[in-house]
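First chain A sits with chain B, and in the next complex the same chain sits with chain C.
Up next, the complex of A and B:
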């Protein structure tokens, strides 16, 4: 007789609390395949944990985003936010889809150049641009988005020495009615800092004011804040035209559009609650079109959307190491995915789906990572189906920031594979190994030998 | 170690403890274990039965059955005979 599928025994006390009107189930089906490739096959071949990126989803996302904006506004340009995910394979997918590069350091600038992005299509943001970075940006004709006056003066000096004009924009921060207000980057709109910087640029002979930039926050849940921001940038651009008869070529609205992840502390899942890209597009495009720009002189609209385009294109596969109980009887499950490779678990309640069939029974579970550190908590409360040791899980929507902010800490960082639209699997980043890490280290001669 | 005499368990996995008025749900394997405890089967006998019937291994069964019994104890559903 064939043996039946095993499930660990479960007993749960029925509590007389308020019933959960949204039901208790978080999952209805296992996630056995990603883009028609079996999760089990991927893990058998590449091990666990494993990042899996879907090229098809990236392309779908960027095309959908472009459509959302291009159907509402005549001139649109996306620039891929390198810091969100600067794996070359990911960047090049976006570049193939027509996105420029948006970088925030000399290292990212070099990565974009290495990816064969023309210098004039690199947007250089961020508060830390060294003298060498500025020289590199000017000589490559890049668009330098100035963050502070010290940088403005440096550009003035360096461009003067190089006898080459720098193409610049200023980053503007402003009150858009949201909290927190991001006023640490750029020049403030309301108190006149922005105008002060614009005046300095317009009077400079070595800087050309090409655009205006803002980036009002991250994981924004209010499309209206973008309408306010677009309106203020339009006012500045029209003011520059009136005062200096100089046309601003582009308005860069930055990024910060929310993905479909669920922020910690929110009641409803992000997939139900977060605004769609169309809602952000509508807010921005309608504000610019309704502003005082003459219809034939509308500036190019640049978007630096990162998270909303890449988050749901990546999954993190992992394995159950053990099931335990806390002293109060709560179930805990330890998986081989730690916060060192899933940085976003600090602010998202990531969706975790078993990769094999399960029954309708679930248990409130704390999910811990494998690190010998108390902070290594992947989910502090999740209603999970009953998992056994060695079962596989899929953590969804991990594409943004995890593969750039991850740390080599206690464990080695796992490989990353990309599934192309034809279903071929490519390793786009190798698994770390000890030899490679030791290449960075030097042991002084007197510390080489010891006896114990 | 036996399940308290007055504990009632339904076919659908609903457990009622009249002494405290508390109720619980168990999954089918949990219900089977409670049934076997009611029949005064030992942990070894229960584990053997699990291994015969289900596609699993001795380590997993030992760990899970002990964990389940510790939860029954946590909920005061069993009493120790000795």
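Up next, the complex of A and C:
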């Protein structure tokens, strides 16, 4: 028989509300395995902290998303949002599932090319496209989503010099009844900017208007906003057809679908409250189908969903460094995962689950990271079972943005492993080491030697 | 005039079910072995075809000799019997006319039942004349047949007589001698030389027909021995041609040659013998010969019986489109059936978007039985094969529930039923078993019914036109439906719940454990994961040819340049084809929804059009990288002459020659006006299982259609650039 775990004693104040024979329950069962691979084994082999990505979950997510749209609309194309997670292994999993690439910088563009994505299947978004970026995009037949007029003029000029037509779309922003309205990107629908840009493109000899794009926000909790946006883009497309006899080939509804994470400040957990991808699909597809497009002339529908497809496919494993009590008596737990590698802890109340069995007793705890920085708070208020030093924890749904926005700060960044559908574990990003980092640095000659 | 000449010659070939000119000329020559009979036969055809034209009967049929051949036989028959003279020719003209009338009458009556009239008009015509002329004193019976050597001398002097003698004394087995004589007896000749000539002609016209004539004859020959029948029926009157004609008719002309049709040739032979013996006895009372009566009776009877079959037997299929060649029937029938099925063409699609699973197919275990056996049920399932998430106890848990249901093809809504509640999971509404349904009329006698839709989700109403892909309503759980699903069936009548018909979908994609493949003229089967191919506009437009359009190419082969032009034409039967202006070659094609087919090719086989025909034999106008299109060319296109003759002989039993077409979607470059698609295709003509392609093609397609065609054969490389 295994030796029983020691748990520290706990004194709990009696609440004087309705008695409840169950007491306060913990959030969930321990998470001992990820895709049938033991968390303990992973930590033993690869150390702590450790990012673990489930290839199976990625594939399930994209297939489910595709199914949600493809059974509601005849022509659907997903494009993987590189900025959400541009690890090559992740991108290629999406590309294998038929997704194009959606990039927002020259660096991401090169990454997509390096992943052997055909240039014509790369969507180039974002407000900052350099002259070289535009040249690269035009010569690769990429779809350039124009963000502002200055960019439009640059393309006009560069494509003219290259004597090659640029394939473009405009990003449109609009009032979809949600707050905040994202009007900093693209051309506004209501005030006529969008039409102004469209007119300029249609009169240009060196640009082909391939599509219309919008991206109404991020972590959207209202599918109806997408219905409004799709309707407005459809109106624009039909307007262009009427005015210029030009058929727009696609409508890109962007991304922003909420994942199952819980935003800070929301009362109920995101997994219960956030709309499913089916609800977004229904809103968008039914709007386009009921618009004035003839049934055989429906444009291609492009989705740039990032977060909703990757968030729950990644977990961050960590280890308890110490338990402490604050001056006000609150219990704190220090773990080896800091905000430097878990950027999204600024937005989300991440779900943290111990990786070993625990009793039903929980204590309100503040979870701190290991950094010597006051802002390094992972959860400022969470009911956690009673953890000991060296216990393992699993932070769930960390797939989006963390592995692109993390920083090398104070410590080195941990390795990332991916579990394939057969249960094989692959290191898809090595643990950083000093030598590799120092390769970027140069020390001027006169600073090389010193005596202390 | 040329056509009139053709009508005369064709009448001779028709006796042997042939349109082959060489064979017809041989037959014509043979009839002139008896010069007067020959003249009488030819005149009979002239009288008949002239009368037919004068009456304004169908020209095409006259030119094909359909009306002439019965009179020809009458003419030959009475030409042999009677001495020529003015009276004779008057009688000949009259009997030709009455034979024509009989032909038309029997065509009308038997045609209604889809049966041929064979040589019944001839029988009636000649019997009429024989009986009637018994009292005409001016007509004299010919004695020519009695002294055949005299006749020979008259034709070719002593040499002819010697030749004739030599021929008759040839060491030919008795049975073969009778075979040849029986063949010649069809044209009222009774000697081996004529028989041998006809046999050569028959062999030239069709190996299968020749083989069948031997099988039919020898079966009869041995049957006579076996049963102890009067062999003189065969040896004396040469009435054995009944067996030969029946064998050709059943073994290849009216029925697609197969082992089973050959078996029937053998089985029918004793029946002919019985009819022959019994009718001969009866007819002798009137001093009439039964001639080809047994052949007529058996063939028409047998073809009629086949029409009542309820089980479709693939190896015993009546010929649907008469091509006047047993070989073509054998080679094209299977090819045609495999490619297009046996139904008229109308491009049907799946009534939904995305991928669904067939949860009940044709002749399904649950409800698709009897009159309603040709139907499909579709549900959406996940990677684990489950059709629902969560507990599966609510309709909303089902992936399919509330998904759009679309029109399978363009049409008019004829019936709508809505307002029936969706069942709770597991329950069924047997009262209103079809649930909320829509019936669409696509063509005369072709309706689609879609059922079990969600209550109040139907967006169309009766008399409204719908386009393929238009949303009709949403998938629900109404009627006899325990779980949400789409039910689709095709039927001949508009009411909800009509008896179903089997009708294929034009093209679908089948996902076999992530291995995707196209299937054209598809009947989706149980458990298959199916979806509609998504059209690629570039490819669709490139293969969308409009009658009147001209395609011009600049061709470079072996350093020589040449200009080629094709015109897209359509004929009165709505067939569309490319006509090569330089060579008059024709390549027939169809665009059926998202499938482009070449159906047949006529003309020289070294033209660019032929290569284009081979290169684009079939393709789905959707772009799916790594998906292959395969098909088989009709074997009649096989290039090797000698091996093909060998194959002709054994085609009813087995095939050793194979043809294959393969097409890959090689490359798609999306670049606005400069977008391009490259297709690779290969042609295999082989008698081995594995072989390298005989020809390879690269087709380059741009926004203005086909841009370039490269052909690589074993010997040469041809480049053809489109000139706009």
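FYI, the second predicted complex is superposed on the first by the 436 of 452 C-alpha atoms of A that agree within 3 Å, B and C clash if a C-alpha of one lies under 4 Å from a C-alpha of the other, contacts with A are read in each partner's own complex, and residues count from 1 in each chain.
Keep this in mind: a residue touches a chain if its C-beta (ideal position, glycine included) is under 8 Å from a C-beta of that chain, and two chains touch if they have at least 3 such contacts.
What you see is a predicted model, and the numbers here were worked out from it, not measured in a lab.
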{"item": "Three-chain arrangement built on chain A, chain B and chain C clash or fit", "value": "fit"}
{"item": "First, second, both or neither for A:389, with chain B first and chain C second", "value": "first"}
{"item": "Chain B versus chain C as contact partner of A:114, first or second or both or neither", "value": "neither"}
{"item": "Greater chain A contact set [chain C / chain B]", "value": "C"}
{"item": "Touched partner set for A:381, first chain B, second chain C, both or neither", "value": "neither"}
{"item": "Contacts of A:4 with chain B and chain C, given as first, second, both or neither", "value": "first"}
{"item": "Touched partner set for A:364, first chain B, second chain C, both or neither", "value": "neither"}
{"item": "Centroid geometry (CA): angle chain B/chain A/chain C, rounded to a multiple of 10 degrees", "value": "130"}
{"item": "Chain B versus chain C as contact partner of A:325, first or second or both or neither", "value": "first"}
{"item": "Nearest Cα pair across chain B and chain C, whole Å", "value": "36"}
{"item": "In the complex, chain C residues that touch chain A", "value": "352-356, 380, 382-383, 399-400, 402-404, 406, 467-471, 531-532, 534, 669-674"}
{"item": "Chain B residues touching chain A - in the complex, by the definition given at the top", "value": "15, 22-30, 32-33, 50, 52-56, 60, 64-65, 67-68, 70-72, 74-75"}
{"item": "Residues of chain A that touch chain C when the two form their complex", "value": "60, 63-64, 67, 70-75, 120-121, 141, 165, 167, 208, 210, 282, 285-286, 289, 294-296, 298"}
{"item": "Touching residues (chain side chain A, partner chain B) in the complex", "value": "3-14, 323, 325, 329, 359, 361, 386, 388-389"}
